[in-house]
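Paired with chain B in one complex and with chain C in the other, chain A is shared by the two complexes that follow.
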Partner chain A sequence: MAEFIYPKLIGAKIRSQLAYRASFAVDFVSQVLAQCYELIVILVLFSQVDALGGFSRDEVLLMYAFAGAAFGVADLFAGQLDNLPTYIRTGSFDVLLMRPLRVLPQIMCSDIRLRRIGRITSAVGVMIYALTHVPIDWSPAKILLTVLTPVAGAVIYSAVWVVACSVCFWIVEGREFANAVTYGSNAFTSYPINVYSRPLRWVMAYVVPGAFVAYYPSLALLGKEDPLGLPGWVGWTSPLVAALAAGVAGLVWRFAVRHYRGTGS
Partner chain B sequence: MIEVRELRREFKVATSKGLRRNYKTVTAVDDVTFDVREGEAVGYVGPNGAGKSTTIKMLTGILVPTSGHIRVGGVDPSKQRRDLARRIGVVFGQRSQLWWDLPLKDSFDLLKSIYRVSAPDYRTRLDECVELLGLQEFLVTPVRQLSLGQRMRGEITAALLHAPELLVLDEPTIGLDLESKERLREFLQDINTRRGTTLLLTTHDLDDIERLCPRLMVIDHGKVLADGPLDELRAEVTPERVLVIDLTEPGPAPDVPGVTAVRSEAGGLRHHLTFRRAETTAAALITQVVRQVEVHDLAVVEPEIDDVIRKLYQRQVAQDANR
Partner chain C sequence: MLAGATTNVVFGLLRLAIISAAVTAAHGEIADYDIAATNTYVWIGQGLLGFVLLWGNNELAERVRSGDVVVDLYRPWHLQGALLAQDVGRGGYALLTRLAPPMVFGMLLFPFQFPENPARWPLFLLSATIALVISFGVRFLVELSAFWLLDNRGLYGFWNVSSGLLCGLTVPIAFFPEWARNALWASPFPALLQAPIDVFLGHGNVVKLLLYQAFWAAAILAIGHFALQRAVRKVVVQGG
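Our next item is the complex of A and B:
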C-alpha cells in the first residue's frame, strides 16, 4: 500500500503547479526554447561542416535528442535535488525525515517540475525527426533499444544528480558544483564523445557514465564502429550501466543522509 | 513513553582563521536523563540554543545521538525512524508539513495515505478536529492563504490524523494572537486529558506551561537544570512573592511584620511589598494591610517563569563554581 502514496504525491504537486497557470505556461515555453537554442547551435555548426567526428548532422541530432529526452525526464524527478541546500537550511528536510517514508523518493515525487515537460517535448520531436532521417537497419531488438535508451539515460542522469547533490550535505553552497556536473554532463552527452580531448572524455564518459546516455546506444542503432575502438556490444549495455549507477547513487545518498543525521562523521 | 539516559550530542563547528580551518566540538546536549510517562504533559523550556531542538530531533529520530540511550514508545528512534514516525506526531511552529499551494483538506488526504489511516478512522478524527478547532470555514482554502493561527490549527490536525501516542510540539504558539493561543491550549489540554496523548512541548510562552504542563523541565547549555512541577520549582527558587497595592491617597507603605517594601511608584500611590510564601499567606497579609491603609486596588504577582529560569541558571553556575 505504501507504494501507492508516491503517485499521490506527484498528483498533489501537479495540482499545486496548475494553481499558477500563467507561470506554468511561460516556464513551459521557455523550456522548449532552451532546448531549441542547443538545437540551433548544432544546425549552425553543420551549415559550416559536413561531419563532426565522422558523424553526419542527423546522426548528431539523434544523440542530441536522446540526451535531451533523458535529461528532461531526469530533471523532472531529480532536478529538485538542486533545492537540497534550501531544504536543509529551512528545516524542510527534517519534515521529510519525520514522515514514515524514505526521504529520496519523497523529494523526487513531491516536488516534481512539470515545466520540464517542455524540454522533453522538443527533444522527442527532434528524436522522431532524426530516427526517420538516419539509416537504421531496424530489428525488434533495435526498437527495444530505442525505447530503453531515454529511460536508461534518465536513470543515469538522475544518479549523477543524486551523487552531485549529496555534496550539499557537506558544503551548504555545493549547488554550483552539482550544477556543473549535471548540466555539464548534459552538454557533454549531446555530441559524439570522440570530439573531446582525452582527459575530459575519460571523466565525463566513463567516470560519470555520460557516454552511455546517447553516444554508445546511437552507435549500436546506426550499426557504426566506435572511432575510439570499443566493441559494438557496448551500445547495448546502457540499461546495465544505469542499474549500476542507480546502485552507486543509492549508496552515496545513504552515506550522505547518515552524515547529516550524525553517524557518518 | 520516553526514556532518556545520559544523552549527549556534539557538533563539530568550523572556526575559520585565515585560510586554515579548525574544528571545535560544541556539546549541544550534555548528559541529559529523564523519563516521560504515558499521558503526561511536559514543558521543555530554555533559552535559544539551550539544546531543546537538538533533544527533540534525537527523540524523533532525525538526529543520531553522539552517546546515550533513548527509547520512545519502546523503540530506538534513530534506528527505527519510520516505524516510530507512524506512532508520534510532530508540530514545528516555524516550519510547515502542509502542501503550500493546495487546499488544507488535500494535505489531510495526502497524510491519510502517507500514514495509512483507514477511511473510517480518518473520518472521525478529522471531524473531531474540524469541530474543536473550527476548521470548517477554511478547509478548502489553499494553505498559503491561511493566517498563521489558521495554519497552526491545520498543522496540529495534520499531526493528529494518525492518532499518535506522543505529540511533540516545538514552539506551537509562536507568533499567534491571544485568542488563537487560547484555543490551541484548550484543544491540546483536551487531547491530553481525554485521549491520553502524551505531550512534550517546547515554548517561550510561559503561559503555555502554566496552562498545559503540570511538569516543567528546564534546560540550558545542554544540561537539565530542573525537573518538576512548576509550582514547586517556583517556590524553591523564588520563595518571595510580591503584593502590589494601589492606595486611594498617596502615603507611606504600610508597615507589616515579615514584609519588605521594595518600591514606591506614582508619588506613593502604588507600593510593591515582598513576602516569603513560607511565612505568611497572601490572605493574611492583605487583611493586615487594609487595616492600616485605604486600598483602592491590589494584586499578588507570582514571579515570572523567566525569573525562575534565570535563577535556576544562576544557581547552576554557582554550584559548578563551588565544585
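Our next item is the complex of A and C:
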C-alpha cells in the first residue's frame, strides 16, 4: 500500500506549493541568492589571496559546489525533520505513530520544499564551471566519482540530519543544537578542511563525516595529496561512508523513537 | 539558551577559521585585519547578531495577516514607538545574555584586540545601541509590508538570507572591492553590524561612523512612521 501512498502525498505537497506562484517564485529566488551569497564570500576572499589552505579559487569552488548540491538534495528530503521538535512538543508525533506507515518516511514526505531546487540549481551551475576550470585527468572512474559524490554527500547530510534531530526526543529545544550540526556542516564542508583548527576538524570532519562530502572526493578528482596526510584512496570511500552513516542514523532513529513517550494531552 | 549559544559558537568558529586562513595566506594582514582583529571582529559580530536581533520573528506581520493587529492599533500609543521601546528593553537583557558571552569567549580563548583608548568602550555601546534601533527599523519595515503583500514571508526570507553579507557579518566589508565597499557604505546595512565593530576596532573615524548611523536611524524610523500612517488607512475593521 505504502508505495502508492507516498507518490500521492508528495504530489499533493508539490501541487500545493505551486498554487501560489508569486510566493513560490520569491522563495525560489531567495534560495538561489542564499547559495550565491556563499559564492560571493569565496570570491571576496580570493580577491585578497591566491590560495586558501593551499587550494586555488577554482578548487575551493569545486568543494563548495559539491557541498552545496549535496546539502540542497538532503534539505529537500530531510530538512522537514526541523519540524520534529514541534511535532513532539505539541503531541502530533503520536498521530504519525498511529498511522500504518513508517514514521521517518512520513516526516520526509510531509513537506518536500520545492524551492530548495533553487539551491541545487545554482550549486550545479558552479560545479559545471569548476569542473571545466580545474585540471582533472579524466578517466571513466573519475566521471563515476563526480556523479556519485553529490549523491553520497546528500546521504551523509541526511544521516547527520536524522541523528541530530533525534536529540530532540530528549531535549525539547533541541532544534538549535541540530542546526549547529546540519547547517554548520554545510558551511564547514564548503572549504578545504585543513583551514580549521584541530578540535573543530575532528568533530565536523570525522565524527560528523563532513570531510567525505566534498573535501576527499575533490582531492581524488584533482589527484592532489592530502595536506593532512591521509592516503589517496580515501577520496573514493565516500559512498561507503554514506552507507555507514545511513546505517548508524537508522539505528539511532529507532532507538530514539522507541524511547519516545507521549506528552499526553 | 544553551543550544542557541552552542550554535552561535560553532558558526563563529567556522567563520573565524576561514577568515583567519585568508589573513594568514595574505601574510598576516588584509585591510587592517590581522589575526587579533579578525578574532575580535568575529566574536563581536556573533554577539551583535543577537543584540541587534538581525533576524526577527515576523510576529507583527503574522498579526497583520490574522487581523490581530487591530488590537495593537486600538491602544492609545504610537505602535512604532511602543514596539521600539519593547525592542530596546529586549536589548538590555540581550546585552548580558547575547552580546557579552561570545565576546568574553573570544577574549579568553583567542588573541583579542582591546581598544587602545578606554573611551572606545562607551562609544561602542552607543554605536551598538544605534545599530539596534536601525535593526528594529528595518525589521519593522519588512513586517509592515504585510499590510500590502498580506503574505510577506518571501520578503522576510529575502532579508534573512541577504542581511548577513550586506551588514558585514559573514566577511568584513573592508575585504570587498572598492566599488562594492562604496555601494554598501552608501546603504544603511553596514550600520547594523560593521559600524559598531569598526568603532571597537578603531577602524575609520568614530565621529563619522556615529553620524552615519544616526542619520540612518532617523531616516529609517521616519520611513517606518510614514509607512505606518499609510498602512493604517487601509485597515478595515469588520464587526466587533
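Annotations for the structure displayed:
Assume the second predicted complex is superposed on the first by the 258 of 265 C-alpha atoms of A that agree within 3 Å, B and C clash if a C-alpha of one lies under 4 Å from a C-alpha of the other, contacts with A are read in each partner's own complex, and residues count from 1 in each chain.
We adopt the following convention: contacts are C-beta pairs under 8 Å (C-beta built on N, C-alpha and C of every residue); 3 or more make two chains touch, one makes a residue touch a chain.
Since the model is a prediction, treat every value here as computed from it, not as a measurement.
In the superposition on chain A, A:Thr90 makes contact with chain B only, not with chain C. By the touch criterion defined above, A:Gly229 reaches neither chain B nor chain C. In the superposed pair of complexes, A:Pro140 makes contact with neither chain B nor chain C.
Of the two partner chains placed by the overlay, only chain B lies in contact with A:Ala12; chain C stays clear of it. Ranked by how many residues of chain A each touches, chain B and chain C are led by C. Once the two complexes are overlaid on the shared chain, A:Leu101 sits against chain B while remaining clear of chain C.
Within chain A, the residues touching chain B in one complex and chain C in the other are 20. For chain C in complex with chain A, the touching residues are 3-4, 6-7, 10-11, 13-14, 17-22, 25-26, 30-31, 151, 153-155, 157-158, 161-162, 164-165, 170-171, 175-177.
Those residues of chain A that touch chain B in the shared complex are 1-2, 4-5, 8-9, 12, 15-17, 19-20, 90-92, 94-95, 97-102, 258, 261-263, 265.
Those residues of chain B that touch chain A in the complex are listed here as 9, 12, 57, 60-66, 78, 81-83, 85-86, 90, 92, 94-97, 99-102, 106, 110, 113-116, 142. Chain A contributes residues 20, 22-23, 26-27, 29-31, 33-34, 37, 40-41, 44-45, 47-53, 171, 173-177, 179-180, 184, 187-188, 191, 195-197, 200 to its touches with chain C in the complex.
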